[in-house]
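Shared between the two complexes below is subunit A, which has subunit B as its partner in the first and subunit C in the second.
This part shows the complex of A and B:
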């Protein structure tokens, strides 16, 4: 077939879906209204328990069903065989740390957590400082921030095109190949197959997306530094890098650490880029991608669950750190 | 701050040309140039994709997009093909997945925010024992990565949940019957949009409750008391006083959540079960990125269709979006 569908056909297939969206939202609203109406008839001693149950209950139930129970179940799965049946002790974890393929995956993951957050937050901080010194910052900020909006999958397609490979003699349509050829390289490699370079090229995509986030958040933190502190410092002769090092950096350090740990958690859970670009092949796999492959491609729920538990153990200290600084902040208030 | 006082006093000795306008001008000029270069670098990859999506297949595969002006071969046909589908490369029209993504994203934004606002109000303004513990437990649940919930939730949706022979949560495949009456009609969660809304709602709640609570808890106490004096109960106070005042906070989180769900791949991949009827756009794009390997003209157009709605949301509501981000990570 070479002709496209007609608009009217396509449209008529879509109408029921819109109906479904509206219906479900209306249903949700109706349930809430009725529940609120019924519950507001509770008076006296019964009032407060009813209010708490109705308003807090749904969230607690959903969080329990969606996070608490599954978390415990996954821990149970991680010490069982591929089918979630027999108990196998710590075998799955043994596999995770000794299997050669998994070693590669874990090495990649560590590289990711160390390099990608530091680079993206660092460049973001540099940009935030630069942007603070220019007049019309809005457009530049929006352009750098834009990749944040287009999804890691979209970003991956963008960069797949940049990394596109063509054999010798074929026209080069990949930007990266053309650039290195302009610098005299005769036959640019097939970027996505070249280990370990490919992992770093994937990190570029992440940094491209994440830097804008870091920039915007840090830029707001820089703007929040009181004017008179900056003025006092510059009256005292602090300019440029010195002003940055002695005033700006100490003032935004808290925000910097939060952005950095957020990025670390995100890279530890990184899935989309690797999945879309290489599917985890050619030595680029990372923990979260391998977890998906083990569970839904190899159908080994034991391996998959063990990797999820490792992910959990990795994420915990970082989020714990953020919770702790939040608690501190709360008590100060 | 004592550290600040120390630094300013030590810097007295290094007094330099601090009020030199030329120097200031140069430094801001240099900053402008640097930012301009970086912003350009950041935009080039997307721009190349955009240009290519309007070029013919022959042009895209034989010349780099940067030569598009000297090899002009423009067409809208790529977009027509991907949007309407029906050709060998793209049977199912891409708009199908655009609507799927809308059908997933809109409820998966509205539901968690409503529930989170309710929970946040209860924690902040209805005094009960253990409210602080509840708050920190929910916030702390952010440590549970999505990946831990995938297998258990999948099996919950398809088989219900039971311990031994006792059914704790049934499936609704045959509806729900209570005392001989059919209370709920037959409804299969697996393979339905609900299978994607529910996980998104569950995963969004911890952060949503935390952020919205921060805002709602900061509303003035007098307001709540005045409402009570007027004879309003908690539900009226919540809907008439708290919700209208919380619109800015809710809006910024809504945008955040909208983009998060729209751009998600993992939840969609896991819970859509490969069905074209509910599969989100990101999942489809990830598939196409593998299967359209030699059809860059179609892949670029598809990618742009996929980016269109988040870009519109982002550029039109950018201010709120940034505010939402800041609420999470900057102390104000």
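This part shows the complex of A and C:
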């Protein structure tokens, strides 16, 4: 290979790339100009339909391509065989609810949806209330919020060391094992193999990452409670827990529910922690992890799609509730 | 054109450092060995592969002289999505001229499309002369030969520490019985002989599938092996359950494992990368793992017959198959019958090309082409691996789980092995039977 060769390589790669970028930007601008010009020319009866089509049309087309069509395709795949060809009825769903491995997966998923969001939001609320009254509030908040900056995969790698196992006679490097040994336990178990404890240990990682977020959002909501209400309550003699229960909690309820349901949707999709820590082995698998494995590792698109549909059905009521409570809040304001 | 100039300036700055040393390397080329391929000036051959830079650079350098002397231009296109893309391209009528296919199954699929071209006479001649019959069989479909292998690797190795073997006066075993005796000898020293790990993220369990394959090939030979891989011999058959029994007596023996790590179950939570790190430290005596495991040892570890670590051949069990070798490799398959494509395909199957490739390797690259002198390889391990791979007496088989349907080979076989290693009573016959049956149940019916 000579210099000219290397040069021409760069030219042949960069020039078309930049050319394409500039061309597509120019094309986009041109289309916009024409569209708006057409919209501005429309008069009378045609005005409204033209404007509506021009403004909503592109969004609808994109949503259809990116969301609606793949969604319908997934539903179609979920009643077909592993190769997406023959129709098999509800067999895939039957498998999802009867296979012993899948039952464990579904149970774990339910445990995750119920426990992880409640704990992370609950602890977040507790911290928000506590932090609200201490001196170096910003510092404490920053420290608790920090894990949020780590991805779930990164956090899992960190926690792998916490849960690391070493047999008797080998140097102990697992933090959890060391702590337990300090309390007198001689042979700490291999944490990731201990069922059903391992699923809960995985939830701890989620809570560690997520609780800071809940705390920050709830703390902001607590601070938004008008001072005069608090003062009035104090004058009436309410203090401590009673103040929290009768004033703070009702005032931040909306925010609390939004944080909680968002966390629920997130846990339903949860995938990274399980995948990194155990790969779904040792009875820790969850729905999203199994969906990925079935579709992209074992190439069984029927099973994968069925799990996706179950996931979708599971998420729907939470999203519906979220949207409804958001709407309600808007009308109140 | 303004943007052009701007790009040129940035590119010049960025590339100055890279371009200079390359240009100074061109020297006089001896074109004599390339005469037989004729003049191919102005022709272009497009290779599609999963091999990416920097590894691909060595492959490209090895044919640089060929390009200069024949005048042909070889376009090397590496892609992460090779396996899915190849099918799409071939079906869509834009097949590459040559594809480097890493799996016999994919090769057969490509032949089924009718777009693959049987290998030219030159490749067939090279294959007959330099590769063993087992290797030739893997790219022969319906009696036609479709392409010679490029690189090859070997899994049937046991890593050990020559230093500590010498210290405890242990000898490298030649048979399976000797290896078990050696293990007991180490137990008597008060140590555990074997370390193992099957953790591998998404693919947790695969090292255990390798152990099953090694043992099946050793105990029952290639015919049962092939029939097992094809799904005709079930996991719950007497043979395969017997293989599982042998495996449980070896790597599930609480006296044998898991050296430097913990109990039998810890095999399931130890990553395969970490499993053998105790070997150079004398904390573990033996690890069954492929040739590529050498890259896991820390820098400065001497990998040699008298160094910190080395590997011995995983011994045979049945005398009928004295050298059972499990491994992998990739094949160069053509999709266009043209003089220049045939010339490149033939050249890439020649000892000349593969020797060029071996010489520039930093270690860890081998081929099963027996025409490549063993001295061309830079490390003693590569020399040993190459000798086994090209041995005509060896029984060579590809990784079996790769060839099973994905629901098994990348699904239940992995997860059930993991469940077996992490579960209770792994050595019990009832456990073995239920694991075997659980895998059989997932074998696709259609």
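Basically, the second predicted complex is superposed on the first by the 266 of 333 C-alpha atoms of A that agree within 3 Å, B and C clash if a C-alpha of one lies under 4 Å from a C-alpha of the other, contacts with A are read in each partner's own complex, and residues count from 1 in each chain.
The definition used in the following text is that a contact is a pair of C-beta atoms (placed from the backbone, for glycine too) under 8 Å apart; a residue touches a chain by one contact, two chains touch by 3 or more.
Everything quoted here is computed from the prediction, not taken from an experiment.
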First, second, both or neither for A:10, with subunit B first and subunit C second: both
Which of subunit B and subunit C A:250 touches, first, second, both or neither: first
Winner by number of subunit A residues touched, once subunit B and subunit C are compared: B
Subunit B versus subunit C as contact partner of A:186, first or second or both or neither: neither
Touched partner set for A:45, first subunit B, second subunit C, both or neither: neither
First (subunit B), second (subunit C), both or neither touched by A:18: both
Touched partner set for A:82, first subunit B, second subunit C, both or neither: second
Which of subunit B and subunit C A:28 touches, first, second, both or neither: first
Partner chain(s) touched by A:275 [first = subunit B, second = subunit C, both, neither]: both
Partner chain(s) touched by A:295 [first = subunit B, second = subunit C, both, neither]: first
Overlap of the subunit B and subunit C footprints on subunit A, listed as residue numbers: 1-3, 6-7, 10, 14, 18, 275-276, 279
Subunit A partner contacts - residues on subunit C that touch it in the complex: 3-4, 7, 11, 15, 18-20, 22-23, 26, 64, 199-205, 258, 260-263, 265-266, 268-269, 406-407, 410-411, 415, 418-419, 422, 444, 446
Subunit A to subunit C touching residues, read off their complex: 1-3, 6-7, 10-11, 14-15, 18, 22, 81-82, 101, 165-168, 170, 190, 192-193, 275-276, 278-282, 293, 297-300
